[in-house]
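A single structure is presented below for examination.
Letters are used for the chains, namely A, B, C and D, taken in the order the chains are written, and counting of residues starts over at 1 for each.
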Amino acid sequence: MFVVAAAAVLVTLALALTRAILGPTVFDRVLAGNTVGTLAILLLAVIGFLTGRPEFLDIGLTYGLLNLIGTLAVLKFFRHGDLAYDVEEERKP
Amino acid sequence: MSLDLILRIGTKLILPFILMFALYVQFHGDYGPGGGFQAGVIAAGMVILIAITFGMSAAKRVAPQAVVERMVPLGVLVFAGTGVVGLLLGKNFLDYSVLGHDPVHAREWGILLVELGVLITVSGTMTALFYAFVERGR
Amino acid sequence: MALLTLLAVATIAIVRQRSLFGVVILAGIYSFLMASLLIALDAVDVAMTEASVGAGISTVLLLATLHLVKATEMRPIHANWVPLLVALVVGGILVWGTISLPPFGVADTAVHQHVAPYYLSRSIPETGVPNVVTSVLADYRGYDTLGETTVIFTAGIGVMLLLRGMRRRDDNDRGDAA
Amino acid sequence: MPLAIDVLSWVLIVLGSFFTVVGGIGLVRMPDIYTRMHAASVTDTLGGGLLIFGMMLQAGFSLVTLKLLFILGLFFFFAPVVTHALAQAALHEDIEPELAEDRRGRAEAMD
């Protein structure tokens, strides 16, 4: 049954990749990238159970955290055009 | 700006967990996947996340630039120093078996120390690179 | 193998892409796919490194770099046939080299006869560390890891000096040499 | 493992797979970025959540379950945060949401 889950996740990976390649705007690509990260975590967990060694979920957590950081960095970049733009700094002067 | 509220609260929620997870990866590297390199990258990711959400000045309050830049050579020094200690105590360079009374235990300690050196260097380098690029962009 | 196909598709998409922001995001996706592939091949430590460096840090650093340069790639002026030819020839040679490799996962090949059994059997009694990757990395191959750390150190120092040096010249132009 | 828990976990996993694929199809088929976000959140929360619940039941009470719980928490707290930031950035770039009125207007224009 884990095979079903793995197949489903793989199909969805392909669909998300399609969206990332087609994506008319950058935000579509970001969204697809975020989804690919999520799916990679799921695929990892499923593979872990499929091979009977579910100890490797640490890597899933790493994926999740760094996916979050990457996505937020891209969004911040588009919002302000600068990675470390500080709203407080703007308000002070 | 109040529009960033959700982002800021969410980031505040997750920051301690990122640091905790980095330390877990560091010290659990003996038993599972992970080690100094990955932990260093995750710890640097925490600083970068702070810089993204709260701005550069907040990140520099957490990890001052001088500290970060000193961490880069410090890690290499810790690594090489572990080796030199072995040399001074009459064994080969990077032979850890002299660090404790029991060779096996000593080698475990040696590995921990070496991984600590890698952690310090990697996290320092990544954060310093980020700082350098962003400062340059201004 | 489905993962490999996706990987190839992502690579072609990266090459075709002109907007460098798209390239950054697709490179992140590529990195996730690569890490999943490495998991499927049981190389968990490598997968963790790939996931953390490729998907997190390099995205951020590439974006920071994009802030410094122009964001769209120029269309090449003339077609680059020579690099394509070189790439095809090298790729062909590599594929030809894999033909004579032993089948994947066979235990009695040359690689597994040399030092691997020693490491596998002695890691726990000699170092007390169950993860063989860590013990090889930090103990048996300590010199290599020291060199690796020094490389990171050197690269970091180099980049910092480059970027810092440029900025200092700007400061001088403005007249405050601090 | 009791049969009931086993069956329940398989049902959850199959449902999760189903929703994952549904989210993926939505990601490709939906017309604009905001609706696509909606579809992707199906994959993030319902698909991933059900899959992880199923796997938690399979794993029993152990460290694996705790890690899965962490991943679940990550999904539940940060998929919305990322989606919010994404929507905000897209609005900031003046990408107009496609409203139902627009579509109705277009349909009438086609008639």
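Some observations on this one:
One rule holds for everything that comes next: contacts are C-beta pairs under 8 Å (C-beta built on N, C-alpha and C of every residue); 3 or more make two chains touch, one makes a residue touch a chain.
Not measured: the values here are computed from a predicted model.
Pairs A-C and B-C differ in how many C-beta pairs touch across them, and the larger number is found at B-C.
Annotation: 20 Å between the Cα-based centres of chain B and chain C. One simple way to say how far apart two chains are is to compare their mean CA positions; for chain A and chain D this gives 12 Å. With centres defined as mean CA coordinates, chain B is found 24 Å away from chain A. In chain C, 44, 47-48, 52, 56-57, 60, 64, 67 are the positions where the chain touches two or more neighbouring chains simultaneously.
Listed for chain B are residues 7, 14, 25, 32-34, 38, 41-42, 45, 48, 134, 137, each touching two or more other chains. Within chain D, the positions touching two or more other chains are listed as 70, 74, 78, 85, 88.
Contact annotation for chain pairs lists A-B, A-C, A-D, B-C, B-D, with touch applied as defined. If you check the complex, the residues on chain A that touch chain D are 1-2, 4-5, 7-9, 11-16, 18-19, 22, 25, 27-28, 30-32, 34-35, 38-39, 41-42, 45-46, 49, 54-55, 57-58, 60-61, 64-65, 68, 71-72, 75, 78-79. Across the complex, chain C is touched by residues 25, 29-35, 37-38, 41-42, 44-45, 48, 69, 72-73, 75-76, 79-80, 83, 94, 96, 103-105, 107-108, 110-111, 114-115, 117-118, 121-122, 124-126, 128-130, 132-137 of chain B.
Contacts from chain A toward chain C in the complex involve residues 10, 13-14, 17, 20-21, 23, 26, 29-30, 32-33, 36-37, 40, 43-44, 47, 56, 58-59, 62-63, 65-67, 69-70, 73-74, 77, 81-83. Interface residues of chain B facing chain D in the complex, by the touch rule stated above, are 3, 6-7, 10, 13-14, 17. Chain contact summary for the complex, chain D toward chain A: residues 10, 13-14, 16-18, 20-21, 23-25, 27-28, 33, 36-37, 40, 43-44, 47-48, 51-52, 54-55, 58-59, 64, 67-68, 70-71, 74-75, 78-79, 82, 85-86, 88-90, 92-93, 95.
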